[in-house]
Amino acid sequence: MKFARIKQRFVKDELHDLGFSEKLTGNNRSLNTDGSFNVKHSGHERLTLEDVYNSLITMSWSKFSVVILLWFILINTFFACLYLMLGTEYLNGARGHELLEQFLDCFFFSAQTLSTVGYGHLSPSNYWMSGVAAFECLLGLLGFALATGLLYGRFSRPAAKILFSDNLLVAPYKGGQGLMFRMVNGRKTQLIETELLVILSLMVEENGQMVRRFFELPLERTKVNFFPMSWTVVHPFDENSLIYGYTAQMLKESDMELLVSLKSFDEIYSQTVYARYSYITEDIVWGARFIPMIKKQNGHALIELDKLNHHEEVALPLVILKSEEH
Amino acid sequence: MKFARIKQRFVKDELHDLGFSEKLTGNNRSLNTDGSFNVKHSGHERLTLEDVYNSLITMSWSKFSVVILLWFILINTFFACLYLMLGTEYLNGARGHELLEQFLDCFFFSAQTLSTVGYGHLSPSNYWMSGVAAFECLLGLLGFALATGLLYGRFSRPAAKILFSDNLLVAPYKGGQGLMFRMVNGRKTQLIETELLVILSLMVEENGQMVRRFFELPLERTKVNFFPMSWTVVHPFDENSLIYGYTAQMLKESDMELLVSLKSFDEIYSQTVYARYSYITEDIVWGARFIPMIKKQNGHALIELDKLNHHEEVALPLVILKSEEH
Amino acid sequence: MKFARIKQRFVKDELHDLGFSEKLTGNNRSLNTDGSFNVKHSGHERLTLEDVYNSLITMSWSKFSVVILLWFILINTFFACLYLMLGTEYLNGARGHELLEQFLDCFFFSAQTLSTVGYGHLSPSNYWMSGVAAFECLLGLLGFALATGLLYGRFSRPAAKILFSDNLLVAPYKGGQGLMFRMVNGRKTQLIETELLVILSLMVEENGQMVRRFFELPLERTKVNFFPMSWTVVHPFDENSLIYGYTAQMLKESDMELLVSLKSFDEIYSQTVYARYSYITEDIVWGARFIPMIKKQNGHALIELDKLNHHEEVALPLVILKSEEH
Amino acid sequence: MKFARIKQRFVKDELHDLGFSEKLTGNNRSLNTDGSFNVKHSGHERLTLEDVYNSLITMSWSKFSVVILLWFILINTFFACLYLMLGTEYLNGARGHELLEQFLDCFFFSAQTLSTVGYGHLSPSNYWMSGVAAFECLLGLLGFALATGLLYGRFSRPAAKILFSDNLLVAPYKGGQGLMFRMVNGRKTQLIETELLVILSLMVEENGQMVRRFFELPLERTKVNFFPMSWTVVHPFDENSLIYGYTAQMLKESDMELLVSLKSFDEIYSQTVYARYSYITEDIVWGARFIPMIKKQNGHALIELDKLNHHEEVALPLVILKSEEH
């Protein structure tokens, strides 16, 4: 049967060469649609400063804002307590009498010191106060030095923003059929020497057990020099295809997943960037073709990003399944 | 005829391998002379912070200055209004009586807070005022942290500044003819392992229709280890050339375009840099050769950048077009 | 005997191709477990600013903090002395009468100037004082500009944090034996195109002398596309292995060392990263296999980092040593 | 004779492939010992901001300090004049009566504003003064933002500091002779995948004219994986060598130059670095060998940088020049 035919083509070690493990079996995706692997870590790792920096670089902007604000409030609270202990009588201009007022005087003196604004209506009047304030200044400047690096690091981290079509189409292709998806560069950066690797992941029977296997999917084209337009990626759905003759039902049963991995050179960031995407059986549309998303306009080509997912129904050419004997 | 001969050599898919699409047909350039592609985008993209950063990095310096100045004025206006609402009676040193004067007091207090200069002749006198001012300091410092990154990002973005000669010359070359242009590095940086790709774009007849086709143009040399001098790029205009025997008129009719793409390693920026240029039929000078732009002087070689475009008329050797039958 | 057999396979120059020298002989490790080479430098090198920067980038965080603090104290002490020489009578707000008090007034005025907090309760009252203060401001700002770069440089220096298993196991492998160790990515960054080079270092007899030799160790797999899971590296311990038939005693006598060198592309830092590790004979466990450290959990794979070193005893298949004559 | 033999081996175009031009002829060096090319530029280039930045990044530290100091003085002088024009009566705390005193009041107010120290003993008392001061603050912060980037840029520019031996030795090598020089990494950074290219440049007779020609010199080894020790580079001076049988006199007459070009990956800067060096005939020592600069010490290898140039006289094995006829 078909499964038998495929099994022979298995190169068992390919799985490992891609870096996936048999442990990743079952009906789970290997790759989430945001490009991250479906893997979690547990266990005691010694958290280093580099890991903290790493988190601060990769967390969302809203989370990052909260962290910055909290840091500002906490460090000021800490120094406010210190100044309170030294005594507000040594703080020129402090007029609070109750504890809360005294704390607020100290808190705002701390804030004005940490940020080096130093209006001067509050100022230290003895040497201990001055010493702590000098240390806080140093800390404040280093803190904002760090923030400068963090903000630069967050922004300058090159990342491709490739837009992938939501669907995989089974469309007519060179007299036969082709499995297609479409991509376009969502940024205004210029991508150079773009390479594509598409991995097919299938559950197959092996020694009576269903195990997940990974194969590199042959494509019409795996590299382009420039990528200024849209790119329709085509896997020729012919006899040489591993999934030749598979029906929608069969692909669903074998928990098919297409792992798309793109590598390119971003001219603005001057660095190599990567993008990943993943399609599952539910994303396939049988008998459809993409509607062109590029048109000519006033002497230049216009890419209509809205049309990335636009496709229309189309009759598929009949694929004659040759029997295994021939 | 000649067109027929060329058509046979067409490798249709080369077009796609370069990343261009058949949609880019007609008499438009593919590449502008500044190296950007003649392509525009439309459609709803969700604008992310990264896209904004990207724009701020790539916009012109004059535009960037205006953006920075506007940001400074707007944010100060916003905080001035806030302080006005809290009441100028809580602002030590504010002496304005009319609304405009009060607004200006608040505006300059805001400016002195945002920039952390904090002279102190204006200072907050209640806790609400102090709280807003503390928050503005934080924002100011983050804003200037961001500006630091932006300025660094704008300057440290490596970019080759290759100067290309304005004209393509048809000059004598090894007993025959050659299509030539000249390049020189316009920066004092050292370029290493410089590679060149020249693509010929032509309108050709195919199935009764005129379509644009792209071919890689063979060059005398496509790579140099170092690039300290000028480089005269030569396409031997012989029998093996796709455009062998083309007259000026024929090239014009076929809307010829030469797409020049250069890749190199910049030693100062320590990064890979790219440059692109484009020539069209109007740029060709028939029967001319470049005047040397390098001379010896006091024990070193001197490159005279002014002479990059200098060429002189020269008689072309006769090219005998062999008939197709031989 | 065995040593003889190995000697024939020696490619003497391989040693040099790896960059090691015969001078590195004897029972020393070539590589420390932290990945640094067991090499020291002596002699007069002119220390450049770049070397100082280099040290500041690579020193430990505790050392770095001390350097920053010392710099802050020393530079303020220097300027305090300068202000003291100019006379505290030209410092508005200075109230100290004794020398120490005057020094402290100057010291804190300096600190408030260097950090640009400038409360104003201390301010210069003549032009010389103002001039020195203006110069100190400039220096302070440049100093903190430098600190910004240093902090960014320290954090953004990409470094792989690969966790290596403590032990080398001799485990059953494909009917024979295999020498194995296990690695996992200790960061949440994504490693791409990971390559591995393992070098075997042995003391061998050559012309009656024991000299250290280096060989590339063949591995089951030397490259993976992605590295989201753990990777068990296997050297098949078969007839083709250089150390085939070696006993624990023999390996110890020949001062065996395994030099592990890993190269990968870090997607977050967008740069190539390297990791090195070294195993010696004492790290080998004979007859043991790794306990899986990956399990399925709620639809994703879970890597338990705590289990990296977990292994269990296992019987080794007998390895029949063929005699040399066959 | 010999020259004839060499001429036949000439691959004329190699010259161009290295990026050198016939224009670089005569008795000039192609490469200075600091690694720069012996080439100058003339002509009108439009100076862009990027070129200015470039200069600021590559100029010496002493020159850079002067530029920063001048910028600080000039911009403060400019703003001081502006404040003077607005009138010192609008500057709280200004006590100068004569023009010079007024100017100095304005100058230090400007300095305190630009550096955002803002003590407050000088402060603007009308809106025009405040407006100019606010603008100066913005400029000051941007200026120091730029300085931050410049300092980081200057320091983080990766550059190999390879120490080359002063002399080229003709030493005994494998029973014959070898042309040798020695290199060592002068930094504590780790160099990985180091590649070497050595080009031989000679004046040779061609069509009756003396022209300069370039050849790649074969080496014993052109690549090492790691470079923790010293590396003695050897060109086997045997029959296959282009300069086989050349005497010191003959090399001098042909204005020999060895162009050394090294490429490596610096692990600390995480970037590719380059180094260049050049030897001429005067640097050759005939009949000498390098004294080892590495010794064992307390369990590690010690590289003595002082000994890089140490060599001792040694008798050269006789090289029998085979006559051309055989």
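Read from first to last, the chains carry the letters A, B, C and D; within each, the first residue is number 1.
One rule holds for everything that comes next: contacts are C-beta pairs under 8 Å (C-beta built on N, C-alpha and C of every residue); 3 or more make two chains touch, one makes a residue touch a chain.
Quick caveat: nothing in here was measured; it's all calculated off a predicted structure.
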Interface copy of B-D among A-B, B-C or A-D, with over half of contact pairs matching by residue number, is A-B
Given over half shared residue numbers means same and under half means different, the chain A/chain C interface is different
If CA atoms of chain C are superposed on chain D, the rotation in degrees (nearest 5) amounts to 90
At the largest C-alpha centroid distance from chain A we find chain D
Chain A and chain C have mean C-alpha positions lying a whole-number Å distance apart equal to 28
Taking each chain's mean CA coordinate, chain A and chain D are separated, in whole Å, by 39
Two or more other chains are touched by the chain B residues 112, 116-120, 148, 152, 271
In the complex, the residues of chain C that touch chain A are 61, 68-69, 72, 76, 104, 108, 111-112, 115-121, 144, 147-148, 151-152, 155-156, 159, 161, 186-190, 192, 194, 221, 223-231, 265, 267-268, 270-271, 292, 294-297, 299-307
Residue set of chain B touching chain A in the complex reads 13, 16-21, 23-26, 28, 36-45, 48-51, 53-55, 57-58, 92, 112-113, 116-120, 122-125, 127, 130-131, 133-134, 137-138, 140-142, 145-146, 148-149, 152-153, 157-158, 197, 261, 269, 271-274
The answer for chain D against chain A in the complex is residues 116, 118-120, 148
